[in-house]
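The structure is given below, and queries will be raised subsequently.
As written, the chain order gives the labels A, B, C, D and E, with residue 1 at the start of each chain.
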Amino acid sequence: MQVKDQNFKPLVVSFCCNWCSYAGADLAGSSRLEYPAEVKIIRIPCSCRVDPLFVLRAFQRGADGVIINGCHPGDCHYTSGNYFTRRRMTLLFSMLDYLGIERERTRLEWVSAAEGARFAKVMNEFVGKLHEMGANKRLGDIRCKE
Amino acid sequence: MRQKAHELLSSGAVGAVLAWEKGELPYDTSPAVFRDAEALDKMVYNGFCGSNLSKYLIEQGKQDEKVLVFLKPCDTYSLNQLLSENRVAREKLHIIGIGCKGKLDVEKLRTQGIKGITGIEENETLKIQTLYGDHELPREDVLLEKCLSCKGKDHKVYDELIGEDLSADTEQGDKYAKVAELEGQTPAERFAFWRGELSKCIRCNACRNTCPSCTCLKCVFDNAHSGVAAKVNATEFEENMFHIIRAFHVAGRCSDCGECSRVCPQGIPIHLLNRKFIKDISGFYGEFQAGETAELNSPLLCYDLEDAEPNIISKREGDN
Amino acid sequence: MDKTYLYYPGCTLKTKAKELDAYALQSMEMLGIPCKELDEWQCCGAVYPQATDEIATRLSAARALEEARQKDCDLLTLCSACHHVMKRVNHDIASDADIRMKVNNYSEFETPYAGETKVVHFLEMLRDTIGFAELKKRVLNPLTGRKIGAYYGCLLLRPSNVMQFDDPENPYIMEEFLHAIGAEPVLYSYRNECCGGYVALDDPALVQKVCTKVLHSAEQKGAEVLVTACPLCKYNLTKHDSGDVPTYYFTELLAEALGVKE
Amino acid sequence: MLVCWCGSNIAGTVDINTVVEASKREPGVVYATDYQYMCAEGGQAMVRRAIEEHSLTGIVVSACSPRMHETTFRKAAAAAGLNPYMVEIANIREHCSWVHKDKEVGTEKAVVLMRAAIAKLNLNTPLFPGESGVIKRALVIGGGIAGIQTALDIADAGYEVDIVEKSPTIGGTMAQLDKTFPTLDCAACILTPKMVDAAQHDKITLYTYSEVDEVSGFVGNFSVKIRQKARCINSKLCNGCGDCIEKCPAKKAKSEFDEGLANRKAIYVPFAQAVPNVPVIDQTQCLKFKTGKCGLCEKVCLPKAINFEQQDEIIEKEYGVIIAATGFRPLSPERYGEYGYGQLPDVITSLEFERLMNAAGPTGGALLRRSNGEKPKSIVFIQCVGSRAEPDKGKSYCSKICCMYTAKHAMLVRDKYPNIDVSVFYIDVRTPGKNFDEFYRRAVEQYGVNYIKGMVGKIAEEDGRLRVQGSDLIEDTQIFVDADLVVLATAVEAQASARPLGTMLTASMDQNNFFSESHAKLRPVESPTAGIFLSGVCQGPKDIPETVAQAGAAAVKALGILSKDKLIGNPCIAGPDELLCNGCASCEKVCPYGAITYADKEINDHGHRTTRHVAEINEAICQGCGACTVTCPSGAMDLKGFTNRQIMAEVDAICR
Amino acid sequence: MLVDEKGMQEEVIRMSGTEPKKCMLCGKCSATCPPSMDMDVRPHRFVKNVKAGNIEALMESESLWKCLSCFACVERCPRGVEPASLVEAVRLLVIRQQGKNYLTADDIPELIASDEEIPQQLIVSAFRKYSK
């Protein structure tokens, strides 16, 4: 068990699909729901646009967690994108876990445009978990540390 | 085999023959293209012909001629995968399926202290002549890693089969044993294991170059415009990234031919990364063997509405 | 029907409600249901402790549940209150990590108990193990022409998300049972309304009010007798009926129908 | 680089000046400033001026969500001669100032978001959208009042419309109603003329007893398979005489139109004014289908319209736009067993009550008890049955129409039968609508309806009557009302077929299976999927006036597309680098639109000419999801506007 | 000493595991409750008072001893509030205090003597509900 560092601020890259999750995040904002500022959102058209390279890139550059958000299964704006995401990310996350990267650092969540509260909740949970785990030491790139 | 090759080459039915060529030493064989019936003398097929010829067909297939290729049962899976991805045109091939009793790993001979080999008689028991005297040892002790979990003696694609029943009755080992062992460890142990292995990587790209699924015209890691190009592993991260992405790019396409590990000069068990994906794919989305047929779609190109969510990873392995 | 049930009788079934227990056991024997009484059972506590911080009051139920797991048996209950307590404590242990941890800390079972046991009420056993159609075939003395109101009370039915016993507002399992033994079930609106329960001790007048409501409801729909699975319900209803609609344990009628009532 | 204050919305939590100053240190930034309301005319003028004065090649606006004003700023950029796709938005309102309370934290995050947008913009290239044609025909799915109104409005504007309706007649739920609030018009009197108008309109084609089987394509070019179920009647020959119905001996089927309160024949028209007036044979009830014998209808039909051999027919048509108008169903109250619905015959739903009050209904308009056929002396109405509940206990929303129709029912009862006592149990009476509260007050003041604030806990049968046990919260007491009839105002529920249809249309649905609108305030009749519009209750509970208004709005939005000859596409689409493409066709397999094809092409590979099998994108079909880009291991496929490099640049900027 | 109403409110909510803020004051619990009319604070007002933090007043309430724990309010509440659990939590606050048992062992012999039909179940359950 690692000692919790109170000053540790986990950096989180959150990929949000334009149609559901990004709108869900917008709704979290317009509903004035709080979640940690360490969460930074990148807008993508669909969760299926997330390449494993992007996930690794984030870890390389110092992210402590990566969370991908898409429309609920069945609700993808492009019909099927999130189904591909689900397979790809399940396998990728499983592989990272296999290499000993803590599995709590990666997450895939379905957040609809109506689920502002859920977006905030998921982000709070995710960051809370990262707080417990501490900084990403296993998948960072030494050159990218300050 | 040689006779068949001779026949087809001299009749003009094929323009080239893709097979193995003997080298200087008894265990030294390498893939070769024969265009000339005379040269076929150098052709060889023995216990050291482990290499998978299917990938060479991509390059050979570009000529305007038919190619004769000899494939062991396991090689046909790779070929099917290539056919499914339009990397090779079936009509340009004449495929002869040949038997296989499991191929030998010269490294394993060496670790048994057998050096200076001058000749080998292959039977269930191997008789090996060396500069320092003769040795005898059971064949199964020195089989290639990939042969320990043989896919069986059936050819999945061929035009004709020769050398009836040359194949051994294969016994299928548990190919996931090592993967499962790693899965059973703590993340810290797994991390230590893979750090130990991947830190050996010298980025020679042999695994990539030999892999019959790594068939991009230009690899992302070689493409200066891709944003991730890297010729060497400058940091631990790049070691990890290269191997994760390499395995991911062949996930659902890798037939588990084991060439990557066979050719790795550093002895990294690269196939354990591929097998992890194969195990997960088969576990999550139903039993799957890439290259079983040329019509098969990679599980990453399709989906099921009821697919498992990523948290299955945690559910499956408990809270270790 | 190979699996032996582990039977939990509960406090009252060995004293004031002996007939509920005896008729059940006789009927089970007649029906060929293998069943064994729990070796050393303790009172279940009679009421379910709703407060999440009540751990000690959950322990005796936990012990019975754990023993059933050890013996690889389903836990068979008969008294509504026992069934309610067993089922809910089991649910708590299965679904609430905090309660699970505390119960196990106190109990020091060899293997931590996590709610693996299935708690089955006698009526559920009749329905799911024997089947009411089969029961009907085994009846020797059908109770033809007897108009009987099933009285469920609260504890078997509510809260339905945990009890999963029957439709909490329009239950039907006892009516099916009555059909099977040849009687004519009488449906009445207050068959799932509380009898007043333990308040009987403190405020008999209040209990009289609620019991009268139930009894009147049954009577005006033509019920001649009521059946129940709960000693406390029987006590309250019997105390407040004017003699017109007596209350029996359902097992007594079962034994009668099966021809094993002495 | 432009930073918006959004009044105090952003400036309250983000120090604008810090963001502006920080941006000046970013590569490529030549000008940075701020303004109170960037989206207002003044702000947009400022954008135009900045572009012109500083010859900007791209702009980043740090403001509200791009979902709000990206289009606004793109237009402003275009007006200043800049390619509109050289605009990036940093969302420092919804994703920053509104989420965080601490100004330091908010400012720091705003700077990072701004940096990510600049990093992306530095890799932007001008994009030019393609064009695609528009098929000038609309499909309306659902033939209730919403669908009929939308279809009429589109047809009146001169475009062809098809209505697909799953039941044998158009008319929907409104046709089942007796009177309508707040004017108490007879529903049939105002609806049936519209049904006839729709049937007779030369631009409208009705497909009744039909369902949508498959939808493909995209805005302007949808292609739809409609399954016309076998009616077993040749509609062209049938003259609607009704002789067949007269003679049909199978009369035990429950009438759907009468909510099961009356029976109908196996061959039937749902109600007298049905459109089209062509019967349908219910194959599950028809003796000919069940036993092979009978065929009476066939014998009496003079025009020889009966055809037992008729099969379902698949009709394939193309449309430019699709309007969903699938309406609703009242929730079945059976799960609320405490009310006894399904057990106690005198407990009925509001829609059943409509049929009982209707002169054409099963009782000829006489309000009689279901148990014994007697006149009731006392009626209790219960509101909010299944509405306003936790999700596992019912519907979490207010069904919106129940307060008003209950007031209407209560009023109609008291009007027709002044001797009947009427009580209404309510939690709140919600009457926001023109003349609505006045209507409710009339029920109380003029008609003497007894409104009781509180819910009902149980309905028991006592001595042949219904004992309604409720709360009177004003008196803080439990009360018992003896009633002869109880009417449950059940929640409005989306049609079961709505979600599968939504999936077919790739239109997103909310958690209650209503269709999601593109924007709750500004785009209420558009689905987020281009070319799909929403009419009526399929989008959420509505009364008739609102439904008709929304139906018209949906028609106008649909006409906006139908009236165009060309649609400007989204330029953010996928495209292959042919030099890298190895022709494996993986991308083709994951494309949901079939936008990728493969062709042999001559490729100039650094002066070396070869013919290769490579991917080609149909720019009119690609919607830009990016599924193909991740499938391509060599990175040959990339997505314009969201390239690999751009996204990685954003990642880098965030993680810096 | 000042009574810590806020702390007691939190304690009640924690013990009961139910959230009174979900209540929309529809009154269905009080409509449902069999002894509703014998209560001074009917279930919906009980919930309202917990929400408002008036725990001390509730501890004085007669309703604590009238609730039958029949769970009808729990079953029927459309908002997933459990009034019965709140009543039980407040009752526990009372009887966990020193000397505040509503029923004591000394009362039992007399009660039993009054009616020999009384089943154990009644004694045990009343004891469990009314004393610590």
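Definition applied: contacts are C-beta pairs under 8 Å (C-beta built on N, C-alpha and C of every residue); 3 or more make two chains touch, one makes a residue touch a chain.
Please read all numbers here as calculations on a predicted model, not as lab measurements.
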Exercise for the section: Could you tell me the least number of steps, going only between chains that touch, from chain A to chain E? Expected result: 2
Completion exercise
So the chain most remote from chain B by C-alpha centre is E
Exercise for the section: Could you see whether C-E or C-D has the larger number of C-beta contact pairs? Expected result: C-E
Problem - Relative to chain A, chain with the most remote C-alpha centre - result: C
Problem - Euclidean distance of C-alpha centroids - chain A vs chain B, Å - result: 36
Practice task
Return the distance between the CA-based centres of chain D and chain E, expressed in whole Å.
Solution key: 46
Exercise for the section: Give, as an integer number of Å, the spacing between the C-alpha centres of chain E and chain B. Expected result: 72
Exercise for the section: Could you give the separation in Å between the centres of chain A and chain D, each centre being the mean of its C-alpha atoms? Expected result: 30
Completion exercise
Residue numbers in chain B touching two or more further chains are 220, 228, 300
Practice task
Return the residues of chain D touching two or more other chains; collapse runs of consecutive numbers into ranges.
Solution key: 338, 392, 458, 590, 631, 644, 648
Practice task
Indicate the residues of chain A shared as contacts by at least two other chains.
Solution key: 52-53, 57, 74, 80, 84, 88
Fill in the blank from the handout: Listed by label, touching pairs are A-B, A-D, B-D, C-D, C-E, D-E
Problem - Partner chain D, residues of chain C touching it in the complex - result: 161, 167-170, 187-190, 193, 217, 220-221
Exercise for the section: Show which residues of chain A lie in contact with chain B when the two form their complex. Expected result: 52-53, 56-57, 59-60, 73-74, 80, 83-84, 86-103, 106-108, 138-143
Exercise for the section: Note which residues of chain A are touching chain D in the complex, please. Expected result: 11, 13, 18-20, 22-23, 25-30, 32-35, 37, 40-46, 48-54, 57-58, 61-63, 71, 74-81, 84, 88, 112-115, 120, 144
Exercise for the section: Quick one: which bits of chain C touch chain E in the complex? Just the residue numbers, please. Expected result: 10-12, 15-17, 43, 45-54, 57, 79, 81, 153-154, 157-160, 168-169, 193-194, 196-203, 206, 209-210, 213, 230-232, 235, 238-239
Exercise for the section: Report the residues of chain B in contact with chain D in the complex, numbered from low to high. Expected result: 85-87, 215-220, 223, 225-228, 249-250, 297-298, 300-302
